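Below, chain A partners chain B and then partners chain C, in two separate complexes.
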Partner chain A sequence: MIRPMSRLMSRVAKGRRTLVVWALGLAACDPSTGGGNASPRAVERGGPDDTLRTHIIEPSTPTDEGLVYLRAIADVHERADALAGEARVDALRAGLGVPVPAGLAEAEILRLDLAARLGEELMQAPRGAAAARELLGPMLAVERSLPLDRATARALIVLGDAAVRTGDDALAAGSYARSIEVMSLLSQELRQELEP
Partner chain B sequence: MTNHDPDLQADLQPDLQRARIDAELAALGEDPADDEEFTFVASDPSMHDDVHEADVRTADVRTVATLVGLSRWDPPADGLSALERHRVWRRVEARIPALPTIVAEPGPAAANDAASSGWRGVVASLALVASVTLVLHVPVAPPLSPEDRDDLRSAGELARAQLQGAAAPSDRARELAQRYEARLRAARGAE
Partner chain C sequence: MKANRRRGASQAAWSLALALGSVAPLGCNPSASGGGTVPPGGNGNVPDGAEPEGRDEGDNIGDLAARLDRLTVEQAQKASTSNASFEVCEDLCSLASSICTVKEKLCEVADRHPGEEEYQGLCRKAELECGEAEDSCVACVEARQSKSATAGASEPEPAGSPESKPESK
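Moving on, here comes the complex of A and B:
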């Protein structure tokens, strides 16, 4: 089940994001714009867009098909660990091609982890950074709502690294800022759960 | 000045020639020619070359006739378009090819063409400036200063540091599968 991020979390996130982007010194985040979005003027100028929409992944009702998928992805990782180079890239790419059973919310996290790992592997090759951007860019687009999970933070870091290597500093700054925000939100969420 | 009979030209003596010139000048209300002026006129070969003088006279007559014709030409009430004016002047030019210097005088059409050409140049220049301005207004991120680049690097390191200690994707996938299996068994046991 997917649960949207709470309003309180959004407010906390907005403050953190503003701080991060300000610290980057790349975009003037206008507090009056609200809504958790980067300053439109900064984005218009080609500055970083740190817009983040998240949802929480709740455990889905377990099924046999779901278990088969989860095991298959775990096997893909295991196989990839034993491979290197092009073979590892092929194995991870094949993992992304495994069909996702309907209703398996956890698959979104697993696919992001797979994509992040594949992106890291792609960047080992010459001109692989562009390929990594092509892979991760659409999955992590600012228009999309992303799972509030470490997998999202990891994938955003890989996208940021790929952006740095391809000379897109704005995308890099925006991706790093969004990654930091995801981890901050997770931390807040954990604290809330631990509170009596 | 040369409107006397060419057949008699050869027979004219200098004194007679001077007397005639003086008479012509007197008729025009001008002072008689002095010696220097007369010497200049007498030394002009056109005064003595019948063939050349005939050519010059013919050209003069055609020039005057063309100018008179042009001066009497009534333009249409609505005026002519730039293209029509251009055509008129082309026609005039074709009729008097021997007098290119007269036709080449910048008439209204030529002036208008030149003016419109000038305006076209101005408009083209403005368009060029506008397009350059538009191109310059395309949002382009300025290059990062060394400080900004350091900040960007720090942001990347901070993001990575926050992930430190988190399970690797392979471990995470295995862990998720195991938990999922346990939940599935628990759900089946409860049934």
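Moving on, here comes the complex of A and C:
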């Protein structure tokens, strides 16, 4: 069961490093990560908030329902690859509507990656930045704990870009800073792997 | 990624097992070292003047073939380890590149708020993270290069050569 799962994940990834990392089972981070530099006073004044809470996504036990979900998401990406413009946006949006089976922790990463891609697509359209913000803002709210994964970093960058376009510098700076923090944590993780 | 490393280790283990399988029969060849257990002191049924076991690698075609097999296995093992560290370096450098790109965006935003410490602080922090990430990338690549150089230099040397240098990390 594990093998088809990995093979399918690779298909889902289609060159997306994040998903490859997922398929290979990267599930280590500092769960105590949090904080952020912004003082509550600064945030109250409408300044940037770089609060970041992260959690580990442990590889779940493969199930039939999980495989069906992975196949569905792989199909969404494949369909989107073959489309363009509004049709691609629709295809990606439909992917976010696919029901997540219970117990598939990795779905959080897949959904974030899908949302990041959708956000990038939305940004191509006029006034798409506001739609991207609407989509990603709630998913990446500072109150939420985010999976420590490159999909999270990617989504935060898109949110930052959307915030810049809509003139919200505080959200942009906070999102970029959180994205950098996620990537730095991933980088630390890799450095630890190099330790003898 | 760790799983990847594990998979690499498993592949290496399989390669090693296969290699040992092909090398072992050569080692068991009675002509290679005489075979059997030889009591020290020369007071057994072994004729005096027997060559010490395992010292003479010989220069006949069979011995050289065995040695070539052994070195091929060692090289494959080194390459496997090297590939794993290559992937880590690649990931580190890719992350460093992304961090520094986002740092640029963040500091551009901060530039629009020159008097606001919250923005300036985030930009400074991003610059530090970018620098650290780039240093990690460079260190990883340099360590890998020196590892390869060491492996390359020691390749013709027999295993355990005093010439082999400790790995720099």
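Please note the rule applied: the second predicted complex is superposed on the first by the 156 of 196 C-alpha atoms of A that agree within 3 Å, B and C clash if a C-alpha of one lies under 4 Å from a C-alpha of the other, contacts with A are read in each partner's own complex, and residues count from 1 in each chain.
Here is the rule we use: contacts are C-beta pairs under 8 Å (C-beta built on N, C-alpha and C of every residue); 3 or more make two chains touch, one makes a residue touch a chain.
The structure displayed is predicted, hence computed values, not measured ones.
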Looking at A:143 after the superposition, I want to know if it touches chain B, chain C, both of them or none. Which is it: first, second, both, neither?
neither
Using the touch definition from the top, say if A:153 reaches chain B (first), chain C (second), both or neither.
both
Residues of chain A touched, compared between chain B and chain C (which is higher)
B
For A:164, is the partner it touches chain B (first), chain C (second), both, or none of the two (neither)?
both
So, A:183: does it touch chain B (first), chain C (second), both, or neither?
both
Thinking of the overlay built on chain A, is A:172 touched by chain B (first), by chain C (second), by both, or by neither?
both
For A:50, decide between first (touching chain B), second (touching chain C), both and neither.
second
Scan A:191 for contacts with chain B and chain C and give back first, second, both or neither.
second
Same chain A residues contacting chain B and chain C, which ones?
24-26, 47, 153, 157, 160-161, 164, 169, 172-173, 176-177, 179-180, 183-184
Once bound in the complex, which stretches of chain C touch chain A?
1-5, 7, 85, 88, 91-92, 94-96, 98-99, 102-103, 105-106, 109-110, 112-113, 116-119, 121-122, 125-126, 129-130, 132-133, 136, 140, 143, 169
Given the complex with chain B, which residues does chain A contribute to the contact?
20, 23-26, 44-47, 59, 61-64, 66-67, 70-71, 73-74, 76-78, 80-81, 106, 109-110, 113-114, 116-117, 150-151, 153-154, 156-157, 160-161, 164, 169-170, 172-173, 176-177, 179-180, 183-184
Chain C contact footprint on chain A (complex, rising order)
17, 21, 24-26, 28, 37-39, 42, 47-48, 50, 153, 157, 160-161, 164, 169, 172-174, 176-177, 179-181, 183-184, 186-187, 190-191, 193-194, 196
Touching chain A in the complex, chain B uses residues 139-141, 144, 147-149, 151-152, 154-156, 158-160, 162-163, 166-167, 169-170, 172-174, 176-177, 180-181, 183-184, 187
